[in-house]
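Chain naming follows the written order as A, B, C, D and E, and within any one chain the residues start at number 1.
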């Protein structure tokens, strides 16, 4: 026991002088770079500078390694190996693509390195194969944001609340895990909430399709009341513009699971009355800047630096970096000195921090939970694009499954 | 009759390249096929070797109807051929060019784990053939480095290596220098005679035709114009005018 | 020319190079960092792919731009067994299964492709591999779609491994070297056998090959299938190293990388693809961690290679050796 | 009359894919080179057109027709880049083995992905003004964007012009001669270099034109060229290598099958195209109009 | 007056030397024949002259201008035309287009080429005009290939083994035609292996052996010289 105490003593005294090495992995190239990767990476850099100016983490400066997420999953697996085994980084904050998350997070335990997924959306990442599942799935793997169930359950709740009389829905989602998962959660939720609703069709165009005319015509032919979509970035814009041209919006509404940036992109032409999810509580009017100074500070700092407003990946980047920082500081204050990755991981589980968009909690299954903001578009004279009015905020417990239950099982257990 | 052809026809679009040709080749007989350019000689050889399918007529080989048999089947039955344009294994050595047909002939071509060099008998036989055709000196050069004429000789040597019952040679000596023409023909013909092979040879050079063939078949505009011993055919007035250009 | 002279004796310099390479491979785990050892394992798995690929390119004269399909077959065999039949999930079962499935897929695809040569063959293999890609991608509920599937660590004759680095740097490494050596020797025998000569004959002149009694399409198919199986086994071994597999391995872009690495090593030499596979693995990864403009680096490398060193690394080495030998004999005189 | 719109959608897709595969096929036919960097040329065309349109519409007092003329800028730049590719990369490849020719264009593809990023940055370009200004018209009770009709029209004109050029003019016949036997064409004194350059630049410009025309309908992003390249491969496989007629029929088939397929079998979308390509090749190995 | 002058040409393929210090000349209006066995290097000489091969050293002078490293096109424009031993037609173009292409290189407008002179020498071609090169017989290809070279209206005509594969009746006609062509002032250089044919059409002959020119003289001299006959294999 004396031995043990001696080790603790030494550790207390010892906080390495060397910088703490943090790797940030986001798409810097390829199609997902401009909507997600670059804003996320920008945020990391900005915040690292700020933290370093303020003295770093437990007095250690941050050395930030910015890495490209492009090249496919196998490249990412190799890269993560290199980062942990070769570059000996203290933590990897990264991954926008769900596929990358799913492939890389198992490495955390295999290699003994801390990995925090910051933006990927699949609800299956931390879930087991049946409910109840044991958790955490990975001792050293985390996600510092909520998953896509909040978007899609949020949309379903919104539809139930504001359009209770609709009869038919359809889905058009990009043909990869993101789109498939989004639709699966949405379909389960809406069918549970509105048992009489009919699904008149689902379409699965590949990612980055440039011509949606055929899909749009088919949608018009199918005559749903509301179309669900999880399009993001360029796909969402292309789809919307071409749908405008083909007159889709005069015949039905579209519910965008992550539509927050799209009205800004398209401007006044963006039709009113569409349902928009915000990937969490990340909307430039929510939390209201006058009531939540952290958001005001973040928006100002970011736009000063990059000449743009932060989008939700920026918020997610903030969440990742600051939850790591908080966990290290918390663990450090307990064990004294610089904590081991296992100690940091312990602190991260169950962590709750304030972020520019409110509160973030990381649950015992290592998944983050957040509230979600959903709204309906409306043109106002004040902004050159439709804003969300009304806005609904669905609190975290309504849209996130409880720890240990798979999302779909949880939805199916609802009693409406 | 090892080969007999009955009322063969081949139509290309509006052109009847072969127009009702019937003839036969006896065992051990060497027949020359002559005719003006575009008369249909190559087409006839292609029909016999199975590279073209006739529009009408029949072909019998060793008593079997092979009119629609695949080229591969005909090879197995014993019809070998060379081409007007040489076809070699350009990257392989001269030795391997001759060895490969031998492997195929002896059914060793599927052998996958033993080195080709370990088949000493086959290698020896290949070298024998190369010596026969005066190519032994070049046995280790890739075939692509041979001159046009040497390629021609190798081409014939390869057809020969298959020891067919009937050898179809399309201008075997075109491109070969005059003197070598005779030595190549000597080699081929003596080998053919020794093995008791029958042959159908397309040739323009009348000296060679009269020296080496038992029989001559004259073809003109897709039909047989004359047939018979070389001396007789060359006396034929029509042949002299339209093919040989002698008044 | 140097190559010709060596061919005769088994105990030529070539043999000693092989032997010392093998010895080096066996002691490398002691020398390399764990990470570089893993990279080497990627390289060795790809080397098997390269050997298989080169049987088609160098010896049969067929340029496949779709070998990713067979690679994916091998890798997905492992993944699907892991997902649906975990009872069978052991190395001694998985390898034969990946042979079986890559045999089936390459047989079916080969059947279509071997009717063509040259660029048509390239485009056709490319299109068919994109069909595999599209299916792996589309059948989301079965294959995991674009996310792909996790590859657990396999058991080996009842032995169970817990941490992947231990598995990879211990037993699996030597197993990989063993499979590689067997594959190497097998392929070496194939290319020098009468069968190998037949393939080369087909490459050089298919009309004549048919004429000397080689069933051209059938032999191309044999070569295709052998090549596909090598690639499939390479894919299966690769998947254990990688721990995850996605449809991207069936995309033509990945197939392009296979062609790249074979050319990098030098496809005119038997050993070239092996060197290429290993060098490419290291090159790509270090380029990626060096700059975000890594595509530029490997693109430029490729272009320079094609323009200036078309014989690849192996070709360069051979030329160097020939030159040195020539120099020696000259100074000896 | 929804069906009419489906067919129209198919035609629009045909137009887009035809321009790309036409260029690919010309380069393939004349130079015997499968240009894997063709998608990059398309992307360059798109980025250029988008950039020009954004820049122009940022200026005051730019007349609207100028925006449409500026669509050509993408074709011009792609043609120019094609010129450089041909001179620097392709020219040393003549007479070299197929694998080198393919790989050098693969190298160019990698290179251009990053060069585009260097020049235009990683952000998306939205240049929809030409699309927005034209608005939509009513066809048989359905709305349809006028811009798509414009694309179809331009493609028809350009396609016919190229067809006449290749099959009827002196230059076209010389190009075909070149594609058949480069060495003999050299020995006969044809202007090999000039002809090769023309073919490559023409092919590149067609890809660039396709990119330009598409730019107003969708944001232009990095990695933009990959998908169209695959589609162009399918067209070439279906239609036959190096055949102009093949490129046309192949595009029509791909366009219509895609349009109808999305309505009738929404689940299989793209996979159906690969399946059809495979079936055609089993039945007619050289493609519908292959040599 | 010498039209073509070749001095000390050394030519290599890879590392093998194919031509060794080859020198000879052709006078204006002459018909000169390169005789030799298979593989002696005649085709290599011809390809050096048209520019498909480049020599390692030595000089090729045409009409007083050095053309050793000139691109083939310039040589063609100066009046050199070539018909290769393997004909090399453009297989997908029609016979008419094959011939017209040569005329265009010379600067003819699209439809002004006069085929009459071609038909006079090879009447066979008349009925082949619309057929694709791919579908011609061996001899027909040869004829079209020669006609194509003639359509360049050259002052120096390079014919590589042009008599091979032609039927005797065609050969006779072609020999006559060559004489006419020569009378029109066209210089002819042929590579031949058949001394009998060569002696009928050429004024002078060189014997090439193992890449070297070993003899120059009248064809008649060779016919009478046993030793030379053995070398060129003209039994």
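One rule holds in what follows: contacts are C-beta pairs under 8 Å (C-beta built on N, C-alpha and C of every residue); 3 or more make two chains touch, one makes a residue touch a chain.
Values in this document were obtained by computation on a predicted structure and should not be read as measured data.
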Partner chains that chain D and chain E have in common:
none
In whole angstrom, the CA-centroid distance of chain A from chain E equals 76
Chain C and chain D have mean C-alpha positions lying a whole-number Å distance apart equal to 33
When the C-alpha atoms of chain B and chain D are each averaged to a single point, how far apart are the two points in Å?
49
Whole-Å gap between the CA centroids of chain B and chain C
43
When you check chain D against every other chain, which residues touch at least two of them?
113-114, 117, 267, 269-270
By the touch rule stated above, which residues of chain C touch at least two different other chains?
138, 295
Shared interface positions of chain E, touching two or more other chains
none
For this structure, enumerate the chain pairs that meet the touch criterion.
A-C, A-D, B-C, B-E, C-D, D-E
Would you pull the chain E residues touching chain D in the complex into a rising list?
50-52, 72-73, 75-77, 82, 84, 88, 90-93, 97-98, 100-102, 104-105, 110, 148, 152
Of all residues in chain B, those that touch chain C in their complex
71-72, 75-76, 80-81, 83, 87-92, 96, 99-101, 103-105, 108-117, 119, 140, 143, 158-159, 161-162
Residues of chain A that touch chain D when the two form their complex:
28-31, 33-35, 37-38, 175, 201-206, 208-211, 213-215, 217-218, 220-221, 233-234, 237-238, 241-242, 245-247, 250, 265, 269
Under the definition above, what is the set of chain E residues touching chain B in their complex?
13, 16, 36-40, 43, 85-86, 124, 128, 135-140, 142-143, 161, 164-173, 193-196, 229-230, 232-235
Which of the residues in chain D come into contact with chain E in the complex?
170, 173-174, 176-177, 180-181, 183-192, 291
